[in-house]
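One structure is given below, encoded as structure tokens.
All chains are identified by letter, namely A, B, C and D, in their written order; residue positions are counted from 1 within each chain.
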Amino acid sequence: MKIFSSIRDKVWKFDQIEQNGTQFLYEKNDQIHYEFKSLGNNRFVFILNGHSHLVHIIKENSIYHIHLDGDYFAVRVENEQTRELRALVEHATQSSGERIVCAPIPGLITKIKVNEGDKIQHSEGLVILEAMKMENEIKSESGGIIKKILVKEGMPVDKDQELIVIG
Amino acid sequence: MKIFSSIRDKVWKFDQIEQNGTQFLYEKNDQIHYEFKSLGNNRFVFILNGHSHLVHIIKENSIYHIHLDGDYFAVRVENEQTRELRALVEHATQSSGERIVCAPIPGLITKIKVNEGDKIQHSEGLVILEAMKMENEIKSESGGIIKKILVKEGMPVDKDQELIVIG
Amino acid sequence: MFKKILIANRGEIALRIARTCRDLGIKTVAVFSDLDLKAPYVHFCDEAYSLQGKTSLDTYLRSDKIIDICKKSGAEAVHPGYGFLAENADFARNIVDNGISFVGPPPEAIELMGNKTAARKRMIKAGVPVVPGTETAIRSKKAASKIAESVGYPILVKAAAGGGGKGMRLVDKADDLDFSIEAAQREAGAAFGNSDVYIEKFLEKPRHIEFQILADTKGNIIHLGERECSIQRRHQKVIEESPSVLLDRELRSQMGEAAIKAAEACGYQNAGTIEFLVDKNRKYYFLEMNTRLQVEHPVTEMVTGLDIVKDQLLIASGQEMTLNKSVECFWGHAIECRIYAENPDNNFAPSPGIIHHIAPPSGPGIREDSGVTAGNEISLYYDPMISKLIAWAPTRNEAIERMVRALGEYELQGIHSTIPFLIKVLQHKRFIKGDFTTNFIAEEESLFRMNEKRGRVAALAAAIYFEQEKNKKKFQSNAENTSSNWKLSKRKKVLDRR
Amino acid sequence: MFKKILIANRGEIALRIARTCRDLGIKTVAVFSDLDLKAPYVHFCDEAYSLQGKTSLDTYLRSDKIIDICKKSGAEAVHPGYGFLAENADFARNIVDNGISFVGPPPEAIELMGNKTAARKRMIKAGVPVVPGTETAIRSKKAASKIAESVGYPILVKAAAGGGGKGMRLVDKADDLDFSIEAAQREAGAAFGNSDVYIEKFLEKPRHIEFQILADTKGNIIHLGERECSIQRRHQKVIEESPSVLLDRELRSQMGEAAIKAAEACGYQNAGTIEFLVDKNRKYYFLEMNTRLQVEHPVTEMVTGLDIVKDQLLIASGQEMTLNKSVECFWGHAIECRIYAENPDNNFAPSPGIIHHIAPPSGPGIREDSGVTAGNEISLYYDPMISKLIAWAPTRNEAIERMVRALGEYELQGIHSTIPFLIKVLQHKRFIKGDFTTNFIAEEESLFRMNEKRGRVAALAAAIYFEQEKNKKKFQSNAENTSSNWKLSKRKKVLDRR
């Protein structure tokens, strides 16, 4: 079985191979030697070719939040089926022509900078979201027309709440 | 209802009084004003007459292990019934004339210093228990005759395991 | 000395102040909002009173509630920390009018230094170099244009009552001047109820260097040397250190004297900080004075051995401070990193949430000033700074190494933090060389690049975890579907083999 | 400098050494027993190898396994820490014979200083004052009696190959001498396979003061001043500090010179400690030399700014050490408390168990060298020391205050610890005055008295918890017995009322 781990645009491909009832992990035909043991509390000892790491792994949907040697990575892990499925879904969403802008963090909508019907450019500011004493401008990740505004100024929003539909 | 809290030989007596469906705590006719809230993980905020304390409470049978402002107390808490019951049981054990010496900590029995039938004095050494690189001598808390030795040299023992019966 | 004081603040700085009070035998009174009941400073203080509310406006900014609690608890003084009411002259006056001591400067000094044009004027009079520009608010377009020409473009148009970048405009050329002044005036009027603006030369790529000042009521006034705070993101300090690689003995002594002059000029007492900008020719200009304890005060404590909060309390109670002359040489080198609950991979978006697990680093040369513990929630209501990590060593390079080690040890679960970003800054060769300005973070794309070697280890760990989870599920569903002995024994075999 | 070293130890000291290696860019190899897989030092090191076993004899004392792992991992040097194989001359020789560097003294120095009579002889020859007594093992009863009379009773009969109080007898009067020598010889023979004993004058109520020595391979040899370690329980150090209140500049310089002479006399290299006893007339006597890093080295680091482990590595790799002259004056004052998993209320019985929750203190002046984290088990197999807390301040009194504050902040659940006892020692007026000897703990009954004021608060907290638990149970059983709406709504009402 193939396992795909991706961080941002970078993808690593691993092969899970069963031999005599034991699972082995390969990367480009090289077998990976490791020990992986839970310490409790989402903490793991991960000894990779003798190199010792303390890893924190917290799963959130298909994203694995990994803390490792002072660094942080959001890793998406998929097998062949889930990877193909996701590609299909993304294609379908894109071809429908609608994109939904969501709140990346919870906060308070302090300003809406566009109106329904406005034509907008890539990376144009849409909404100001205030949280922890700081203003965060949410920008458009594509050009288009503002189809619908789902929030109002002064409204508190949750993380991932839908804010604006761009067509 | 009366509550007795004791640490070593010192006993504090509190009165729990219900008034209009609410419970109040009194000590010698003075009402005790407090806030007591769990912080999780056996940790509590305890604000007593405005004085703030972080308290850890871990219960083990009828003993409450309390960490407070860098200090530690083993508190026995009883109401009138349990207190009377315990007095009865202790009296019965004492009059039967047998006392059982238990291991205060887990460890290895490295030496037994007495034989069955020996007459011993108060605070005479009975057994050497080794733990964490240190030898701990377990002493008799009363005089008497060694009735039975329940362990052997070289034997590992658990906490509270019975070692010797003194009659 | 005081017997009991109230700390009108929260988080790490409340705990920091309470620790010194504990050392001095002063009882402390904590105040807390509904969200802070579980915060360590509340339990560490000797007494704790609720401020009844959630938002800052309802709690830590309510001087009436704070004064009531002073009276109820018998606190003789108030330490305001930083932020909230710390630089509010009315609050300071209110405290003093109620017969309570204020652990900070006289209200007049707070007021003067809070008004940017008034402060500039006073500094010019005292002979402290300020950034070239207008001395007072702009009264005519013609005067503005003349000043702008004389200091040379680019210039900044700034709000007199301002702060936080509001009512500020960068002007590159004469054509844009009129328009920018009008825009800045509108913005300043809306933000501060005062539309006065003034002109300052825009210093390109300056360094931010500040001097710690202590002044007691006996007329002693000293400086404790500099802190360099050039590593900033959007005018927010990120890493501070003392000493600065830029300064030599001569420049330190010149700037230190200027800082003392500045503090004297406003009748300053207690601890304060004079901030300077230093241009590429090592010329320094007064930027502003912070009339309170700074977030970054620990680096000065590490290289001087002083406890600045202790000196604040000594001064406020009318005693002499610990030292009576300025610090001429330092004990080694200290660096502070501010750890924020922000996600550096997502444009530093705030990352509220509950801290599930926290294990801060320790060992040689490491100090932590933190305000949180496991189970605490980082809420959207307050500042996202959760901890300050300070590293000391005999030399700057060793201090950097210790800081990198300590950040790498820091375990924090449940929220994002700026730790990975801080490590990248500390390991950047320009940082190590000391070759940076306040533009450093904005200029260095490489700070946001992924470390692919570590990325691969993370990718592998995730893949292994994914695989183990799947196996676990498989066994669970087997076990749930049936309890025949055959299947169970098969399952056991597979488990044993792993 | 080495590129990779193996740390032949566990716990806090393994982590301590690994931290310095990380700072210096040296890769580290950890070795661990079956019980230590979850210990922080194992994850902090760059590589980790199992020693396959549980007991010390099967793991950390197995020089063959350790040398194998050196070869497998390519480690160029071994740091032995303290305890286990650190003072085993055969191990050091074995390491060197395998072409690996030993981060410690030459095997000959370990051997010489491990033999008490040989070390005494060498010291006498070098002009270092030793406790009056015999120079060699006792050969006749007559000679013994003569020596005993000349030094004056009480005397100690001690095993030449000894340690840990085995083969040691205190003799108060001449009548008991013969009997005691025979008993000591029997015990020494059984314990060490060598029945040689010798006589030393018994110093009543001495103070324990030791000097840190550094010697490199270039012929430089310096001392880093003293540590006072008089606060002991059954010859086990409990609290250490630097400087000592007893020493003035003159005595420090005399004892420092004697310490250097002692180290030179045995051809010493690397870090070592000369222990002295000081009697009530401030006369000092060589006690023994520890030919390794000491548990209490951090106090010297705090007051000198040095990293002693770094100097050990510099020296072992043939480089010059950081300083080239002895430390004449200190930066403030430092105190270390050893935190043991022992129950002071039960005669310091070991308290093995799992640490459920741990939150060490931090803030101004506090350093922790710890080897455990939440979830770790304190086992019966190893030393019960779990952490060292170090406080620094400009003066001794301030350092004591900071230490008391930090100990009070320390949260530790699941095992007993000596923290409550340490606080009582630090707050004792004799400790604060500096008026103590090695007998202090044995003499002071008051250290074991309950603080009744705090006891009452604990008694109340337990009573309240007891009450709340009972109510909780009541509700639970109500809910379990029935699910009629009436009962549930009644239960809700009661809950709301609380």
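Observations on the structure shown:
Following the convention adopted for this analysis, a residue touches a chain if its C-beta (ideal position, glycine included) is under 8 Å from a C-beta of that chain, and two chains touch if they have at least 3 such contacts.
Treat the numbers as computed from the prediction; the structure is a model and nothing was measured.
Set against the Cα centre of chain A, the chain with the most distant centre is B.
Chain B and chain C have centres, each the mean of its CA atoms, that are 49 Å apart.
Mean C-alpha positions place chain A and chain B at a centre distance of 54 Å. In this assembly, the C-alpha centroid of chain B lies 30 Å from the C-alpha centroid of chain D.
Chain contacts: chain A has residues 41, 43, 53-54 touching two or more partner chains.
Multi-chain contact residues of chain C (touching two or more other chains) are listed as 44, 357, 374, 408-409. Each chain pair that touches appears in this list: A-C, A-D, B-C, B-D, C-D.
Contacts from chain C toward chain B in the complex involve residues 30, 37-38, 42-49, 73, 374-375. On the chain B side of its complex with chain D, the touching residues are 3, 5-8, 10, 12, 14, 16, 21-23, 25, 27, 32, 34, 36, 41-44, 46, 48, 53-59, 64, 66-75, 77, 104-108, 131-134, 136. For chain A in complex with chain D, the residues that touch the partner chain are 37, 39-41, 43, 45, 47, 50-54.
Contact residues on chain C toward chain D in their complex (touch as defined above): 15-16, 19-20, 22-25, 44, 298, 301, 305-307, 322, 331-332, 357, 359-360, 362-370, 373-374, 394, 398, 401-402, 405, 408-409.
Listed in rising order, the residues of chain C touching chain A in the complex are 341, 345-347, 349-352, 356-357, 380-384, 404, 407-413, 416, 419-420, 423, 450-452, 454-469, 494, 497.
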